[in-house]
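Chain naming follows the written order as A, B, C, D, E and F, and within any one chain the residues start at number 1.
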Amino acid sequence: MTTRMVEIVRREEFSAAHRLESPHLDEAQNRALYGPCFTDHGHNYGLEVAVRGPVDERTGMVMNLADLMRLVRTKIIDAVDHRHLNRDVDFLEGVIPTAENVAIAIWDRLEAELQAFPQCQLHRIRLYESASNFVDYFGRAPSTPNR
Amino acid sequence: MTTRMVEIVRREEFSAAHRLESPHLDEAQNRALYGPCFTDHGHNYGLEVAVRGPVDERTGMVMNLADLMRLVRTKIIDAVDHRHLNRDVDFLEGVIPTAENVAIAIWDRLEAELQAFPQCQLHRIRLYESASNFVDYFGRAPSTPNR
Amino acid sequence: MTTRMVEIVRREEFSAAHRLESPHLDEAQNRALYGPCFTDHGHNYGLEVAVRGPVDERTGMVMNLADLMRLVRTKIIDAVDHRHLNRDVDFLEGVIPTAENVAIAIWDRLEAELQAFPQCQLHRIRLYESASNFVDYFGRAPSTPNR
Amino acid sequence: MTTRMVEIVRREEFSAAHRLESPHLDEAQNRALYGPCFTDHGHNYGLEVAVRGPVDERTGMVMNLADLMRLVRTKIIDAVDHRHLNRDVDFLEGVIPTAENVAIAIWDRLEAELQAFPQCQLHRIRLYESASNFVDYFGRAPSTPNR
Amino acid sequence: MTTRMVEIVRREEFSAAHRLESPHLDEAQNRALYGPCFTDHGHNYGLEVAVRGPVDERTGMVMNLADLMRLVRTKIIDAVDHRHLNRDVDFLEGVIPTAENVAIAIWDRLEAELQAFPQCQLHRIRLYESASNFVDYFGRAPSTPNR
Amino acid sequence: MTTRMVEIVRREEFSAAHRLESPHLDEAQNRALYGPCFTDHGHNYGLEVAVRGPVDERTGMVMNLADLMRLVRTKIIDAVDHRHLNRDVDFLEGVIPTAENVAIAIWDRLEAELQAFPQCQLHRIRLYESASNFVDYFGRAPSTPNR
């Protein structure tokens, strides 16, 4: 029998402040580039973590959702919820907290933790800044998949 | 023929940072009271403005939704979107920016503007901090309605 | 034991085209008043019908939700779904199809049908044109409730 | 200065199984009345608890949202989440678990707990069985408010 | 002219009870593994069925959405809605009803039915247990696509 | 250091009327094929535009979201919002406005505009007719990706 590969997704939310400012640019350039995002503001971020793996025949699960939830909460949500992303979060130090960069930083942090679940692999980080703006990150793909 | 009273509601969103700190409390008390909200964080706020009035037979409208939208955007959204509510907003100066207080401040500001539409009255301000937390304010009611 | 009054709400959706044009105005006035709504466009309308009544101790229900659903579907949804509200709907003939007027027309039509359920009364019609624009109609109230 | 009355709302979700069966009816009558709901099924219920009170000038809050959240979670969610409402929940014993009855039972349980917050009163329990079906309960009102 | 490949997606919902219990484990192990899910509970499941195929130039459609809707409703929804997934559903007999396994079982059942539409292929089954937990299944892929 | 590829997504909405009628079919065939969609109706369409590219280290962005938003609004939303898709939209002339065809037409129009941002490529157009019906288009893929 073929093993079936499934992706399981856990969604969490966190409320954080941030502002966009690049150390490579002066104030006028920052203002021109980031517009209103140069000012402190905030979001209810939506974070979706997708993990891909074979369905274990004994349990019917790719990975225990309780484990995935605990991982996402203790490693990510506890660090970013009710925080200012530009100064309160260790794993974002030195990072311009655009949605792109925050998604990548979350990927890097969770990928390391998921080593403990060798049958699975991190598949996608989706980060919503709002219902209108979000990003998808699929890791360092050797090739460029069509989607 | 009876005139029909209808409430029209316009919803807008804004992204803002805030923190909760009372000038009547010292730091330890503030921390105990507000917990994680004592730290800078932020939300995608959802603002619903409800206006009540008779339906104009000639137009089929209580109030032109375009006028209501313009009012809400120019008087409220432009002032709070991509801002820090504790320091960037004139009409919140000296206000602890809880959802309750922000809703009341928005009511007061819009009620004044709605004088220009004498057939209507402001009916309700609903302010969402998130899908899980929101408040309703109905103005200074002389009596306490059941709901 | 006191009887408990509860409101039950059924939500349905329908997809319809409409445009706003008043017979009391000429074309220039219509254009000025309704702006882009003077042109044919459409919505996925959300309709919430709230019925209020005592909870029947034998059934635990105010009204059988299956009855309410059938009523709303056969009397309203079947008439407006995948239709042009300005010309295809009997009970909207001669009505400028603003959200206000459509909500009132739906109220009038359902109120008549609800005579068959004498223990209940129609309580509210909420009509969403979109997540950003909606109206509430509570019928011809003898007095003006605060909310 | 007038005290401002505001309603604060906390939304929580729980996943539960239930079926509808009245002890006052025989099986054929139950089947006829409840249709598919006579069979075990389940929902992601959405619970909104609204509390009304004056805004405390010192804190800017009607009631500490952390207290309200803890109350709703410990007194309601912990008892109903991942349970079968017909047999696993003490405060629903002997209750036909329609949305109407579950909302009333939650009201009764929370109203007692809110005695500890004398400046506030429970204002509304809204219970969603799904996005299409929900109920509102406002307590034993002496009079029948229009809405 | 190149033929354009498009994926069309139909979303349906169903309300079902389930519990997680593995026949390969004893009760203590089941309890440890599945936690609260070992108890009867339920969900409003969201099911998205994606079908991929070329757009027919004569009709502008990949597949008639009415056909896809009828297929999903008659083959899946009618079998699982208002049911207990552990005992009432033929095509889930012997299956631990995790989201992963239910998604796979739905895939297998729909893939067979879609043989009647040879120009199309089933592309993805997404199954939501809630807004926070969902899975994606893409069938038995010969290779492992990046996403 | 590896360059990180990320997809950024901008969501917009528009309200439009349409009807489905194929010039290749007679009226009876059209009615049989499209059913209720043969009549004028409308939707609040949801449009998601996904753009893929490397994250610029200086800015932390794939593409300035303000640029993407402006592009989508000026090239697409302004042309289709509050319009009848069968007759008011230049770039849909001669197109049967199914979700499939509208998504493809939007792709073609935006792909041309995105030439101005050579580091990025259009990745996906998702078009929602409603929460229940939507399509994904990924462009003229040389190969058929699994997903």
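Brief remarks follow.
Definition applied: contacts are C-beta pairs under 8 Å (C-beta built on N, C-alpha and C of every residue); 3 or more make two chains touch, one makes a residue touch a chain.
Keep in mind it's a predicted model, so treat the numbers as computed, not measured.
Here the chain-to-chain distance from subunit B to subunit D, counted in touching steps, is 1.
The set of chains touching subunit E and also touching subunit F is given as A.
Under the contact definition stated at the top, the chains bordering both subunit A and subunit F are E.
Across the assembly, the mean Cα position most removed from that of subunit A is the one of C.
Ranking every chain by how far its Cα centroid lies from the centroid of subunit D, the top place goes to F.
Centre-to-centre separation of subunit B and subunit E, using mean CA positions: 42 Å.
The mean-CA centres of subunit C and subunit F are about 32 angstrom from one another, to the nearest whole unit. Centre-to-centre separation between subunit A and subunit E, using Cα means, comes to 26 Å.
Rounded to whole angstrom, the centroid-to-centroid distance between subunit C and subunit E, based on C-alpha atoms, equals 34 Å. Contact of a single residue of subunit C with at least two other chains is seen at positions 138, 141, 145, 147. Contact between chains, as defined at the top, is found for A-B, A-E, A-F, B-C, B-D, C-D, C-F, D-E, E-F. For subunit C in complex with subunit B, the touching residues are 20, 22, 24-25, 33, 35, 95-101, 103-104, 131-138, 140-141, 144-147.
Per the touch definition, subunit F reaches subunit C in the complex via residues 13, 15-18, 36-37, 39-44, 81-84, 88, 129-131. For subunit C in complex with subunit D, the touching residues are 2, 4-12, 50, 55, 58-62, 64-66, 123-124, 138, 141, 143, 145, 147.
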